[in-house]
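Here come two complexes built around chain A, the first alongside chain B, the second alongside chain C.
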Partner chain A sequence: MEAVSPATVDWDEMTDTILEVENLKTYFFIEQGIVRAVDGVSFTLQAGKTLGIVGESGCGKSVTSRTIMRLLSPSLARIVDGSILYYPVKGEPIDLAQLDPFGEQIRDIRGNEIAMIFQEPMTSLNPVYSVGHQIMEAILLHQEVTKEEARKQAVEMLRLVGIPLPEQRVDQYPHQFSGGMRQRAMIAMALSCNPRILIADEPTTALDVTIEAQILDLIQQIQADSEMALIMITHDLNVIGEVADHVIVMYLGQVVESAPVDEIFDAPKHPYTQGLLNSLPMIGREERLEPITGSVPGPHERPQGCAFAPRCPHVMNRCRLEEPPSLIAGEFSTVACWLYDEQTEVVYAPG
Partner chain B sequence: MRPVNPNGSDTILAIEDLRQYFPIKAGLLQKTVAHVKAVDGVSFTVASGETVGLVGESGSGKTTIGRCIVRLYKPTDGSIHFSMTDGMVDIAQLNRNELQPIRRDIQMLFQDPNSSLNARMRIGDIIAEPLEIHGIGTREERRARVNKLLDQVGLGADMHNRFPHQLSGGQRQRVGVARALSIEPRLVVCDEPVSALDVSVQAQVLNLLADLQQELGLTYIFIAHDLSVVEYISDRVMVMYLGKLMETAPTRKIFERPTHPYTEALLNSIPKRVRGGHRKRFVLTGDIPSPVNPPSGCVFHTRCQYAKDICKTETPALRALPTDPQTQVACHLVEELSLQPYYTADELRNLEADHV
Partner chain C sequence: MTTFIIRRLLSAVVTFFLITLISFVVIQLPPGDVVSNWVRQQEASTGQPLPPETIENLRRTYGFDEPIIVQYFKWIDGFPSGDFGFSIEYSNAPVSEILAQRTGLTIFLGVATLFISWGLAIPFGIYAATHKNSHWDYLLSTLSFIGISTPNFLVAVIYLFIAVFVLKTDYSGGLFSQEFKNAPWTWERLLDFAKHLPIPLAILGLGGMAGTFRIMRANLLDILDQQFIEAARAKGLKERIVIYKHATRIAINPLISRVGMQLPFLISGTIIISIVLDLPTLGPPFIRALNRQDMFLAGTVLMILAFTLLVGNLLADIVLAWSDPRIQYD
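And then the complex of A and B:
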């Protein structure tokens, strides 16, 4: 496999860009048919910044992140189109989508330069190895150090993520850790090789608010210290509001809106984004919630035209027939909705 | 329809010094070696028609209280008085047969609609089952009642013959609501009823619960870990920690003027958008201690940033604030502390302007 270098990239302008996903499509080929889990997703990630990915279950958030990490089984899921350009510290950008998922090159990057934290710390940690062993495994795989040094590093990582008595805890097994501590151990493992990109897939969903706050603070503090880029995947808009710089909203495998966090909250454009915000209980807001009607269709019930049309309060004839393209909505924002097309006569004023 | 309690402010439930200890057994002979003190001396009352939110971290005992009220557990000690037509009845120690008539009045809505519905039963039969158990109506009357319930919870009559796996998560939770309401209870214990649902569906179910309360005069005990959901639905909030009640107050006051350091810590932990940078907050360190061997004195003192010597030795009683009898708090230091509310100073000013 060889790295692809797009001639169009202007290197002086793009120094900050660390990951560039372009029109990514990941389809599952299963007995019942083809599931378009990720269907044309594009975004860029800058060093030191946080990209939030929101959407309800079944919107393709997690498949997007697993595609970037190349963790999906090739017998089930295939990248049918698009590119995932990763910009290493030195050298040409690498298209992760073109790499062999079992090859040397992706294994050098995965866990080392791009690391991931999963939602369920209990199922992502191996119960038969000590926590320290599992952190050392990542270190020994990617760095040329002795076992003693790796162990020292593992203890340091546990200390960094705020686990008390790390010298003793390092030899304990996952079942001896509480839920919050397991998630900290996962973070310690993910950060052990100083990744340049951290993908956090619902990292606080299974945790209590107090532990959630500890974990979010920890991630943001590490990010501030190391210029690490973060992709935060969550269904919780409050978490997005706290950590994200830029947000993409996904619905049925597509990006329906992409905008800086303030625009998402203050002037949401896509009816789905507006619906999500109106569904969200916000402390201090007294109005009644206005939920989106219906629920996300199943993977084999994808509607014609705009995927959101059957649930959209502003649906027009055109929406049921043609799929809307991503329209430029601002300096840094796009929206995939016919309401914002110049050819469309009805203009909807948000708010 | 049975008549709704005509006087809305009547006490429907009065709990006094409730304790639920679970034995830990070990060894060959399974001797009891210790107890998990899941609920350890909790007292409160609930007025008819109100919604009480029960919050706290996992392990605080909120679900155990709910299960004691519907008598899935037999409490170790204490009383649970429930208002029946012939006055208040202590249901804490009643046996199975004695409980039968009371079960009509107290129902529970469970968290996970996937595991709380029998996968082999049709939706119509699931909703009709409580009616059958209590011997209400004829077959036809029950069928008519089920159709009305399906309509009330926003599902069509065509759901009758479907199986749970054919429904979405939100639809399944609506079936759970219909089943809980089928025998016209007066008190519904909702145990994390929306936490397994997506945001848009969560909002649909929350609105449904609020509408049904208006329509049927229901009283809810709403257990949830998501404080924004609790704020939306509750009239009053009770904050629990390690099996004890730390603070109870009207919802608005909890968020605008918390009086217990643990409440303050919870409010500070809620993720929140603050324009132009990171929110400055203090974070509660460590985990909740083990309920097998809770700390001495105030159970929160090991994690409390204000703790003094007295907190380590003496257990604070839950007492009403002299300035505000609606707020009850269990803290020695309540008079000297000035705690940080959920809102920033600017937000508070705006809220006050709104209220006026």
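And then the complex of A and C:
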């Protein structure tokens, strides 16, 4: 087999590829030095499918999503390498990484073809405009409709996401909504222009478990009705198990393991993925929880060799010296770990 | 909303009368009164003591022998008919006559200063916040530090020095040339007034502008960090709309409450600068009245200050209630 990157490892045979991220590197240039927040991330997203991105805080999950949306301030963060190919319904693929972050082209895609919901429903809505106004704002921006039609659509969206009495709720302000209601309103806003991709950045982290289940159900139901692709970013493996088709596990800005969701849970390969699963409390579990020792190193304390080596229970001498490349581990999976070096060939070395 | 305004108005009226009572009493608290001050002055100029009967007579004529509370009610009794008492310092002239034009000019100066300092500070604040850590941001922030730490009367003195000794102009302060000082309003007088206005306005506006700029910059930076700003950008809105419609609209709210406080501060702030620049505002007679315990004059000026504070706060609350839906009316 010839050397190719994981992004082109034939997952796209199954369905239509809608987004293809390859060797993406987003670095922050701050006074204290360069922070390699996203350091060679590759993945492919298919229409109607869900990609889960997991990892602890500070692993570059949110920066990845904001890089795709081009929401990062160009004075702080720069895409130093890689591409983000978006495949529109018609025409040539667009490399989002090459667009002007304030330009018209990305603004036409943002909120229209790729929408996003955020972690903090309490602060994701502007407190001084009514919920309806904020939903209508997106509709009026991307669709050629009158204000009355936009308002009707906003009411319908609120009804769709399960907000009772949407005709009255549409004129209310965010502070009159509960946390779960606000996240529903955010989803209504994000879905108002029928996006082809929805990026959900820890959408349920700030919510109660009962509300969490409702919100996840809602997202899945909408996805089933609309062929929308979903990128679910979370640190919670339970959420991943619930919604994802394919999972990438991130550690310090890099993808350490990429596999279908069943493989991640049944046969995790990377010691970090194993560690995440072992620290997951589950009903009926007999053995003790085994948390991963230590914590994610700070952005300036990046270890030499494998970034996970200082916390890894299977660490070898080689790990401390050489950075492991992404190795093919199965039909649809890769893992970046020296433990699997003997069994597979090197397909991709992070540049 | 209407009940909110009515309730605020009623409480403002009560507060207003409490303020007049307190200021009237406080002015009389130090030993002596306006008569003893006047007597001392007379004795100093003639070199002979006034007979005690004359002094007693004076007190009786003016009603100063009665209890303070009676004097107070006699004083406020005249308010509805525009009678605010008289000033012994100004040869028994009615207070309303002394203050009429000065009040108008003072409020005009205060409001004009406010408009100018806001009109400049807010755009500068927005620019500095959206270009954080740029050269212009550093420059504006440094200038605002200087502006905020320099008392404006000092700026006035420096300006006078430069105008007279360095630039050799004949600038002598004031708001009118000599020939228009007591003239009725005509086009010529208005023109003359407009010519005199820029320098006091610039000096008065400086301090307030620096403070407003700093608040605007800090508020906007705070808001720009909020999640809903990123959410607005994620909708695909233009950066300009994100900044103005979503961020500035909220960042400006604390400035609205500031304006209620700033109005009387601007008016009392004109006191010292008015003496330096010889401006016909409330400042000079107020200082004179306080020195001599001329309580009707001093009390009336205090009352005007309190009135502007109340009106300013009332307006600020109403505008804020309208601009921020999170504020409850009832």
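Operating definition for what follows: the second predicted complex is superposed on the first by the 327 of 351 C-alpha atoms of A that agree within 3 Å, B and C clash if a C-alpha of one lies under 4 Å from a C-alpha of the other, contacts with A are read in each partner's own complex, and residues count from 1 in each chain.
Going forward, a residue touches a chain if its C-beta (ideal position, glycine included) is under 8 Å from a C-beta of that chain, and two chains touch if they have at least 3 such contacts.
Here the structure is a predicted model, which means the values were calculated and not measured.
In this overlay on chain A, chain B fits alongside chain C without clashing. Once the two complexes are laid over each other on the shared chain, residue contacts for A:Val128 go to chain C alone; chain B is not touched. When the shared chain is aligned, no partner comes close enough to touch A:Glu156: not chain B, not chain C. Shared-chain residue A:Asp100: touches no atom of chain B or chain C. Once the two structures are superposed, chain B and chain C can be ranked by residues of chain A touched, with B on top. Touch criterion not met for A:Glu167: it reaches neither chain B nor chain C. Once the two complexes are laid over each other on the shared chain, residue contacts for A:Leu216 go to chain B alone; chain C is not touched. Our summary of the superposed model lists a minimum C-alpha distance of 8 Å between chain B and chain C.
When both complexes are aligned on chain A by C-alpha atoms, no chain A residue touches chain B in the first and chain C in the second. Those residues of chain B that touch chain A in the shared complex are 57-58, 168-171, 198-204, 206-207, 210, 225-229, 231-232, 255, 265-266, 268-275, 278-279, 281, 283-287, 342-343, 347, 351. Residues of chain A touching chain C in their complex: 66, 69, 71, 102, 107-112, 115-116, 118-120, 123-130, 137-138, 141-142, 173, 175, 186, 189-190. On chain A, the positions that touch chain B within their shared complex are 56-57, 162, 164, 178-181, 208-214, 216-217, 220, 235-239, 241-243, 261-262, 265, 275-276, 278-284, 288-293, 295-296.
Contacts from chain C toward chain A in the complex involve residues 226-228, 230-239, 246, 249-250, 323-326.
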